[in-house]
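Two complexes follow with chain A in common, the first pairing it with chain B and the second with chain C.
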Partner chain A sequence: MNSLSYVSIMKEWDIVAARQMGRELSKQIGFGTVDQARITTAISELARNIYLYAGEGQICFEAIKTLDQKGILIIAKDNGPGIKDLSQVMEDGYSTSGGLGAGLPGVRRLMDEFDIETEVGKGTKISTKKWVR
Partner chain B sequence: MRIPILKLHNYLLISIQTELDDQTAINFQEDLLREIHTTEATGVVIDLTSVEVIDSFIAKVLGDVVSMSDLMGAKVVLTGIQPAVAMTLIELGIHLQNVPTALDLEQGLLKLHQEMGE
Partner chain C sequence: MDTKDLDARTYADLLSRYIETQDERALYGAEKISKSFIRKNILPEEIVNLHIQALLDIYPESRDQILPSMNFLLEAMISYGLAHQEYQMLREKQLEIKSEIQVAARMQKMLMQTEIPEIKGLDIGVISVPANQMNGDYHHFVKDKDGSISIAIADVIGKGVPAALAMSMIKYAMDSFPASRMSTSTILASLNRVVEQNVDPGMFITMFYAQYEPKTGKLHYSSAGHEPGFFFSKKKNRFIDIDAKGLVLGVNQNTTYSQSELLLEKEDMVILLTDGVTECQKDGKFIEREDIVEVIKKYMHLTSQEIVNRVYRHFERLQNFDLRDDFTLVIFKKVV
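Then we have the complex of A and B:
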């Protein structure tokens, strides 16, 4: 199994391509239907953020393993404007797009681990993991 | 990609069977409102049994189409939302309040009948 793959996000249809690839990989890894829906939805939100705010970027997927766990790592990265006020963006209900997108707090709730690095003018990198239960 | 809209008496029935991308969802919104206008339908059932993912954008489009149809005078019921989709939407923070729903197509039609006092 190819454990590392990615989708470039440049046009709207790429959002669908990213979530299809994510669903396929999460199925292969052994996630149940509910977790597949969580992962696919999280990917959709991350890909849409890239498309809306950065214009283009990448969603990378990796099957990951520890001694007793397996899971999926999703990395969303772009060279867009970055996030000025990170704590505000991580608050529920905050939106700059008029309610498009549930935002990052929603993604964090759907996944198990969530990490964000961002620099104004340079871009944003979000790494998020989900483990098979 | 166009989603077929079927007419049954004064109702419109839609079963979404495809992976919804943003453009398809927006086209559907416009098509449905146009169909309501031309057919003078009073009730609409949108069945989501085959839909595996509803993200925030699709949820917004669906919620909006319910409000828009309501403005025109047609009642919309969403049916068949899958357990995984319901869980994901709530965890994501999307509650779709004021959107009428029913378990399946049959219950959805029943709900429309009741709301219209038929």
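Then we have the complex of A and C:
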């Protein structure tokens, strides 16, 4: 697998493909079992949001490196409706699953870095990183 | 070695001991270590991972049997871990809000402070206890220059912070009334306009407003839908309701109020209260107003402050020390 790859999300089963690719890459990078599971769950959340709210989009993966750290970068992007009330969405207890701690706040917890760009009517791009401990 | 590794070692030791002996001591150890995990915010998926590592140490030859099923369990724990973190966040938030309310409650207490004035010939007692931290009941005393005293008791329909905010507003409205004495009906009519204009339409306030003239022994009063008080006539040895008609504050801008009068004689007594008193429950049923009278009778020989204290203690116990509504009771006795 090369260091830059992506999965297109169009149907529900694509979520599984994205999980699979993310898990394999994180294993290669050297993440332990627990972090592999966390990264995969984050990918699921992002991919499911694309599937549910944007209809279609992409999950891109990249192995990243600094002088003393290795990690993974995941980018979820779509040209869907965008997110209107971003600060509300990032608040705990807001997601429709309410009280399960999942959704975007969950992704932020599972990963080390989290950034979101979104414009109503244009789309959403979420970038998130995790470093090997 | 950091404490996480220490826990990992302890966990592995306990587990292998338990597998060997299956004794209760190891299980007791597991209970303790589980609490330590929670204290250190160790998430369930990490505990499953500890378990996997320990098992692989104990049964190295069963790696292929252990790993798939245990990894499956680990995966299944991830969302529990997230839910747990969210729960902890919300708990912290809740503590924050609680301490904010505590500060607000202290401020409110200071704002609402009213001293019981010294009036010759009148023995006054008051108790006001909020059900939660903030009090939605209000009472206040003002001694006028001519020696008379005004007494207000009010109740916001509702409890907690919104009720307390509404009450602070009422207090400021009353403080801003001109020093010269207005009739009790005029005061309620003006307050009604203030409430109607400034308070949420769904919020109502009831108030009983009275003025007492020590010189003549006359009590003038008006009520805005407030729980009727009691008048005890020593001569007739009877309690009667002080009932005055009037719409609650804040419903209609143009409400007017009537004013009535009572003549107090020596050892007569006036009791004002909020529905936190009348809506005390006993065995799941509201108490009757007669029940309150009975309790007051029992302590009538005491000073007014003693009476309100004892009555409160009586109902507090009746409610199993858990008030449902703010409780305010004012008693004054003509002693000369």
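Definition applied: the second predicted complex is superposed on the first by the 126 of 133 C-alpha atoms of A that agree within 3 Å, B and C clash if a C-alpha of one lies under 4 Å from a C-alpha of the other, contacts with A are read in each partner's own complex, and residues count from 1 in each chain.
As a convention for this text, a residue touches a chain if its C-beta (ideal position, glycine included) is under 8 Å from a C-beta of that chain, and two chains touch if they have at least 3 such contacts.
All figures in this text were calculated on a predicted structure; none of them were measured in a lab.
Undergrad: In the overlaid three-chain picture, which partner chain does A:69 touch, first (chain B) or second (chain C), both, or neither?
TA: After superposing on A, A:69 lies clear of both chain B and chain C.
Undergrad: Answer with first, second, both or neither: which of chain B and chain C does A:92 touch in the superposed model?
TA: both
Undergrad: After the superposition on A, what does A:15 contact: first (chain B), second (chain C), both or neither?
TA: First partner only.
Undergrad: Is A:106 in contact with chain B, with chain C, with both, or with neither (first, second, both, neither)?
TA: both
Undergrad: Looking at the overlay, does A:28 come into contact with chain B only (first), chain C only (second), both, or neither?
TA: So A:28 meets neither chain B nor chain C here.
Undergrad: For A:37 in the superposed arrangement: first (chain B), second (chain C), both or neither?
TA: both
Undergrad: On the A-aligned overlay, A:48 touches which partner chain: chain B = first, chain C = second, or both, or neither?
TA: Touch status of A:48: first partner only.
Undergrad: Tell me which touches more residues of chain A here: chain C or chain B.
TA: Chain A has more residues touched by B than by the other partner.
Undergrad: Can you list the residues of chain A that meet both chain B and chain C?
TA: 33-34, 37-38, 40-41, 92-93, 99-102, 105-106, 109-110
Undergrad: Please output the residues of chain A touching chain C within their complex, sorted ascending.
TA: 32-34, 37-38, 40-41, 92-93, 99-102, 105-106, 109-110
Undergrad: For the complex, give me every residue of chain A touching chain B.
TA: Chain A reaches chain B through residues 12-13, 15-16, 19-20, 23, 33-34, 36-38, 40-41, 44-45, 48, 92-93, 99-103, 105-107, 109-110.
Undergrad: Help me check something: in the complex, which residues belonging to chain B touch chain A?
TA: So the residues of chain B in touch with chain A come to 19, 21-23, 52-57, 60, 82-85, 87-88, 91-94.
Undergrad: Tell me, which parts of chain C touch chain A in their complex?
TA: 45-46, 49, 52, 71, 74-75, 78-79, 82-87, 89-90
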